[in-house]
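One chain, subunit A, links the two complexes that follow: it is found with subunit B in the first and with subunit C in the second.
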Partner chain A sequence: MKIGRDDAQALTLFAITIAFMLVMSRVGPGFGSASQIEAILVLASFVMVVAFGQHFVVLIGGLDLAVGSVMTLGGILAFAWIGDSATALWWGVPAIVAITGLVGAISGIGVAFARIPPFVMTLAMGTIAASAFLGITQGVPRGSASPFISSLFTGSWIGLPPVVVLTIALTALGSIVQRMTALGRRVYAIGINPNAAFLAGLPVRRVTILCYAVSGATAGLAGILMMGYSSGATLTMGQSYLLPSIAAVVVGGTSIAGGRGSLAGVAAGALLLTTFTTLVTGLAVGEGWRIVAYGSVILIALLLLRSDVSRWFKPPSGIQTSTARLDAGA
Partner chain B sequence: MFESPRAATIPRRGARPSEPALEVGGLTKSYGATPALRDFSLDVCAGEVHALVGENGAGKSTLVKILNGIVAPDRGSIAIAGALFEPRSLMDARRAGVATAFQELSLLPNLTVAVNLALPSPGKANEAAAAAVLAEFGATDIRPDAVVRDVSLAQRQRIELIRAMSLRPRLLVLDEPTAALAQPQWLFEAIERIAADGTAVLFITHRLTEVRRLCARATVLRNGTKIGTVDVARTNDEQIFGMMVGSAPARRSDARGSTRAAGARPALSLENLSGSSFSAVTFALHDGEILGIAALEGQGQRELFRVLSGSTPPATGTIRVRGEKARLPSPARAQQSGIGFLPEERKSEGVFPGLDVEANVSLPVVGRLQRFGLIDRRRERRCVLDEARHVDLPERVLTMDIEALSGGSQQKALVARVLLSGARTLILYDPTRGVDVGTKQSIYGIIRRFAAGGRSVLIYSTELSELVELCDRCLVMYHGTIVADVAGEELAENRLIALATGRLDGAARSVPRPRGLPARKPLVRAIGDGTLRALAFYLVLFAILAARDPTVVTIPGMNDLLDNAIPLALAAAGAALVVLTHNFDLSVAGVIALSNVLIATALPEGPAGAVLGLGLALAVGLLVGAANGFLVAYRDLQSVAATFATMIVCSGLALLVLGAPGGTVPRLISDGLTGIAGGFVPVAAIVAAVVLVLWMAVRRTGWGVALYAVGADEAAASLAGVRTRRTKFWAFCAAGTLYGLAGYMLSAVTATGDPNSGNTYLISAYAAVAVGGVSFAGGYGGLLGAMIGAATLSLLQKVLFSIGVVSFYTGIAQGSTIILALLIGALCERALRVRPA
Partner chain C sequence: MTAALFLAVAAGSSDAALAQPKKFKIYLSLSFTGDAWLSEAANVVKALAATPPYDQEVELKEVISGTDPQKQISDYESMIASGADAIISMPVSTTALNRTIRRGCEKGVVFMMFELTSLEPCTYNVSTLTSGFGENSAQELVNLIGGKGNVFVVRLIPGFIADVRHYNGAMSVFKKYPRIKTFEYYGNATDETVQAETSKALAAHPDVDAIWSTAGESGAVKALLASGRQKLVPMTGEASNGFRLALADPKLQARGLRGVSSGGTPATAGYGFKLLMEMLTKQRTNVPHYVEYPLPWVPADKVRLCSGDRFANGCNAFPKSKVQDSFFDEVFNPAILPELSLTAALTGKPTPGARIQKLTNPIVAAPQEPGITCDRCTPPPNLYHLTKVKATAKP
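What follows is the complex of A and B.
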């Protein structure tokens, strides 16, 4: 595996982020302060948790456009079920993660068995999920915030907000799964060449469903966290996380075609994007510019990655996209 | 004695003193570190049929690609009729008078024979002209109006040949033209006729009988190097074989089959196994046996091997593994039954570039190499190293990216993978395709040792000599059935070729055709047609609605329905255009929002405003579409990702133009277009105009045909000379323009601006495409279907509302509809799919 290359990419991104923060600290008072960096880390955690699952899906060559709605679903359920009860916390969090994971798994089943294009399937599941919570709440989420989950943002573990520590732990765990387990190998292999993976006897469908389930589960988890952070739930709380989740994955050096990229890169991408967003927000330009910037960043990352990919995987000349069949018989 | 190129070049005997039509000198081409062609030279005269012979992987395909402008040579020169020839594209080659019948066939399965014959300028497609061409070449059994996926493989090969010949080229290149032909006599006569007209023919083959029948001279290629050009009449087969393989053809050693345990249960047995291209195949494979399958291209062997590998289910029949009835629903299960499969296409079906060789080899068993949930790297290395030794792969390559290896080494790694998976029976489909002679020998060694160890091998090869050398026994397949079982003295190449072409006793038996082409009943065809399906769905909904609310049957009622449906119908038509090319366009949401807010903020009242608004909406759409098209067609970005990004950019811009819902749309647009003025229904006129324009563009232009061609099979389309990039680019442009128009009509209907107005259109547009029966796999379906699908969805919303479904739940209905529509479409496809013999 080209672990070295991916790691170098992640390190470069982290370096860019730090340089960015240093530049920011020169821009004006408050920028680059310890409290602001802490705030950036917390906000980046939300992006990272959603991007975690998105990364598994993108690695196998898919895309999950349902994460926004599923995140909202998780937040609304957490608001309704957990509240200030400590016992509800113990069954509530696993139950919500399981439910959102199931929503993801259904997307995975559609993609793996019915061969529905991923973006169509997840868009449909997202619409269904959104409609479901709209109907359940009749438009007004009810419940109460969980003090324990809120304390993840106010407390301090080893000098950092607990949620940041938890996110780092999740990322580390994910990296281990991706790089050091059979499951991880299979995920990369399916992303690189799904056809060959199937013929080599890999459980392609099972892994596909699992990846979408992970994406649903982490989106739900992000919703629970978000509920704690904002001490409430709204019908649109997850909506604005779809875009950053994909942007972080792509900016983090993961090929949208699958099979390449690391979670460390995604973490770096999430941090860079959040820093960037904070800067933009600080400069008080409109929401529109922020979105335009996001779109452009994704596009630039795609073009940069593409040139890299073409260097590594393409024959030097000829009609590049359409001669795969010919090349095989060269 | 023919080893030196110079010595082997014999002056032409009795050839007409004619112009050289093709002169090639010093041609060299390498793929990375692997040389495909080295300092190759060749000359072919006008009117000559010149044979180019060589084994698989000798460099023949590379020469074909260079002659067609698909690949540029590193060095060397080519002249056609004395003029320097440096083609940059297939069309360059066509213009210079080079026509090629490709081995992989450049026909589009979703288009008719007539259109395929007319490619790449299908605007001129005309069934009468096609029938005349077919008649001229004596192919009256092929109907010009038949869709290519419904005709047999042999017929397809003839169409491919006829298309190349009908171009009346200076140089005709025939790449393995007899592969699927049962009666090559037809071709030989056609070639002789066309050569008599002065066309130079380069006849690429590895069958010497055909060379003897047609050619005076033959050039032999081995491992990318020209071994020599010989006078066919003065050279015997042994000598030519020797030049092709570098030594005299290997003799079979007779000390084989001794390890076979007689009477034991067979390792693998098939009873009356049938698929869509083979039928009633029965045989047994015993331990210690190497069993060959000999067949020409396309006799059903490919599917048979797929079935045995677990990747395709059989239609009927029984497979037994060691006497136990076995179901092989997936390659994984086949592996568990001890069957190891080596697929034919190393690149697309075998290797995982980006992973090192070790990971490539250990992949199927890596789950068993874990300790405490993590892969035990040392154990993995031990296992892989063990198999690497078996296949002569040096240890140092194990940490290299598999992509960096030569074709031969990659193949060895794949063999190591199959061995490591613990197979007791190997299913090998053309295992030496495209590998060098050295690797071939070591693969033979592996196969022999494997069988000698008491395990069994089933092997298909395009090289009959390989089967003769390796196998204990050989089954011959012809037209999907086993026609002969030869062993011992009978197992010789000429005997196999005779049987495989159905010329000996095998053909005397009447060969049962495999499940052929059932004539489709009109009703079945109608259900399979997505447009009609959508229309039926629409009418049912309309009837329900009309029963509850009779006002919809009036003119104003229908006008309302049209008003509601038209923005989505336009968006869906655009999305369908892109889907036809096997791409996706998510920018639909962004473009609609952007044009909507522009119309709501930037326009004066009056006719000028209405016209300006239309221009603005179309321009925005075209611009975004062009950006998408550029990124996807010319920068090779994945369409989902690229258009997702442009959608985001457009949504952001829409927010910048208008921060919150509001603004006003000129009254002429909002009231004038949606109402009814003196019996005239403007929306109906707009719908009619758009449908007419789209119908003309898609059904009556070369671009329209190219859309379907690119969507069905981009590689074949590009071999047929279709400009695939340009086609895709304009598809995105046209789609963007339609989204712009959709935004315009949306503004007319809502009379206000909303930066989020596009959001719901992404899912609805693709739902409409799905309901309208346009295949997401590209190449099948029509824009009208997508538009009817859109009307259906907007009607569904109304019906749901009228029967009292709370609006909160419409999302569930919408999401479920899209999934259901896709499932129904997929099921219809599966039920109606006809796989030609």
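What follows is the complex of A and C.
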């Protein structure tokens, strides 16, 4: 099996994460314990689900600054609509994911057809969404938490919290789409050169809208999960996930210019950043130094990934990059 | 004919003017909104302004400025220019708005700040900041754990004056006990962040003995429960309904959850508004510029569920079906704000049939505290003295 550059980066990040955990296990009694690893996996799930959609947008050279607001929208709707009704669960989750996907698609339409710069369009959509739910809820979301969604964080499937299993499944599914389908290759092609992709007859606008819709849908899904985790919804519940979602994507090896990166890398990035913040919280580092350290970890990870780490893992010839895969598939 | 019509209209409008006295133009200026605390604060003011007789005396306009001082300065300027009689506000900064506020005061605008204060001497302020949440709740916790153990300290928002005051008060107590070890982190005053950060801290320090939390404490309870541990630990927190319900739960009490619910309250907005109205209508003079709101204090054994839509017969929490966990119960105060009900706190609409009651409680002037009630002043020697609890644990 050939290891491409993206895979090598993901492996490097996983290795750094494991190294972090080993360091942590020497710091104190609870560090590196099974319960700590479980807490890290659960908390990384939120970042991962939001970063999933962000990754597809960044891959085509865009950026989705609305994910925080859309995540909040998902949480508020889940709190209001689903509650403790088992029936509402079955129609509520797909409906909320569809609505938040539609919000993302509107951003995509603005970017693809009106040629509004992604950060302006998504910032505007995020602001509109935030203002709308502030007005509708009058500041206080009402409803009740779904016991089933809450149980995703306390139960156990194959020895892991269900939410972790679902996140792994989502990542695996996304990776298959990304690596083995024409749609996946089109996303890479558009990210590398949208003009060339357009001239080659690829449906650039349609794929762009789809990527933003996926970003909205996964942000909404993350909001539903967060509502279950905290058994409630607030108007600020998604705010703190915007920057981590971008950081996980970038640290995970996705080029901010588009056209390169993998979901495995994003998962590794989310895991690394969450592991680091957990370590820092456990050490009770002051808030100022915590932010300095967080920024430093992102920088160090990016520097490590800039060097061609794939050389560490593969023989001299046959480096398979995303571009190479694209060429092979084209 | 035309002249007669003109005179008739003029006479009519004159009569209308006499029948309809000029309303006070009051602006409600919020720094930000979106959480339960601020929403309740805004709703309380809106509900009171719509309650008779204030509904005939007040024209209330709400402005949300965001967390940028420049934006709030700009909004204050606009309010002053538009002829505001008063501004009731939660200021972003204790000092950055001073020049604009001073200009407003010179033009006759009355500034009433709630919970967060302004150091401009012409302002009026109502706040719990000086009432000692930090030191009293910390001492209660220390008493519960016998003066020793590992304590999580969940702070508010970095740079927030309330965070600094509560933290300093709490640490003034914890530092007296050398066998207490603290681990601190910020919860940003939201349940989700407090839950996530407490989960991280619990995983690293399973040997925690107590949690001292500011707003967002419901999240700390959820993190404790989600950690799967059988033995819970004593906790202090603010006045969220979820926390009070947890404190009153016999099953959780049996597992070791004890503590006290206290902290800042959105009722300061309502108290400030009523004080402001009594000043504007000349019913009250000689109001201290810094008024202390009494510290809410509800230990676990004093939590009582309300069957109605307000505090009555000593109740101080609501069933889960009526409000969500993050709802701040202490928005109610039967002595100061008897006009309020859940409808008022949740929607900003007046309580049906309610009428404004004159304030009869003693107005307590806040003590001098640098950065909160005065600038570069000398704090009293007993700044962090205990008012709600005595130290029973030995250092």
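Observations on the structure shown:
What we mean here is this: the second predicted complex is superposed on the first by the 282 of 330 C-alpha atoms of A that agree within 3 Å, B and C clash if a C-alpha of one lies under 4 Å from a C-alpha of the other, contacts with A are read in each partner's own complex, and residues count from 1 in each chain.
Quick note on the criterion: a contact is a pair of C-beta atoms (placed from the backbone, for glycine too) under 8 Å apart; a residue touches a chain by one contact, two chains touch by 3 or more.
Being a predicted model, the structure only gives us computed values, none of them experimental.
Legend: residue contacts after superposition of the two complexes on their common chain; A:277 is shown touching subunit C, with no touch to subunit B. Residue contacts after overlaying the shared chain place A:134 against subunit B and subunit C alike.
Contacts of A:303 after superposition on the shared chain: subunit B is touched, whereas subunit C is not.
Of the two partner chains, subunit B and subunit C are each touched by A:287.
Of the two partner chains, subunit C is the only one that A:142 touches; subunit B does not reach it.
Of the two partner chains placed by superposition, only subunit C is touched by A:39; subunit B is not.
In the superposition on chain A, A:236 makes contact with subunit C only, not with subunit B. Legend: residue contacts after superposition of the two complexes on their common chain; A:114 is shown touching subunit B, with no touch to subunit C. In the superposition on chain A, contact of A:202 is made with subunit B only, not with subunit C. In the superposition on chain A, subunit A positions 134, 138-139, 287-288 are in contact with subunit B in one complex as well as with subunit C in the other.
Of all residues in subunit A, only 24, 27-31, 33, 35-40, 42-43, 79, 134, 138-144, 153-154, 226, 229-237, 240, 277-279, 281-284, 287-288 touch subunit C in the complex they form. The residues of subunit C lying in touch with subunit A in their complex are 33-36, 38-40, 42-43, 155, 158, 182-186, 188, 190-193, 195-197, 199-207, 218-219, 222, 226-228, 242, 320-321, 324-327, 346-348.
Contacts from subunit B toward subunit A in the complex involve residues 31-32, 36, 57, 61-62, 65, 70-72, 89, 103-104, 309, 311, 330-332, 334-335, 341, 343, 345-356, 359, 363-364, 366-367, 369-370, 373-375, 401, 403, 417, 421, 433-434, 584, 586, 631, 635-638, 640-642, 644-657, 659, 714-715, 717-719, 724, 755, 762-763, 766-767, 770, 776, 806, 808-816, 818-819, 822-823, 826. Touching subunit B in their complex are the following residues of subunit A: 1-2, 63, 110, 114-117, 119-121, 123-128, 130-132, 134-135, 138-139, 176, 180-182, 185-186, 188-189, 192-193, 195-203, 243, 246, 250, 256-257, 259-260, 286-296, 298-299, 302-303, 306, 310, 312-313, 315-330.
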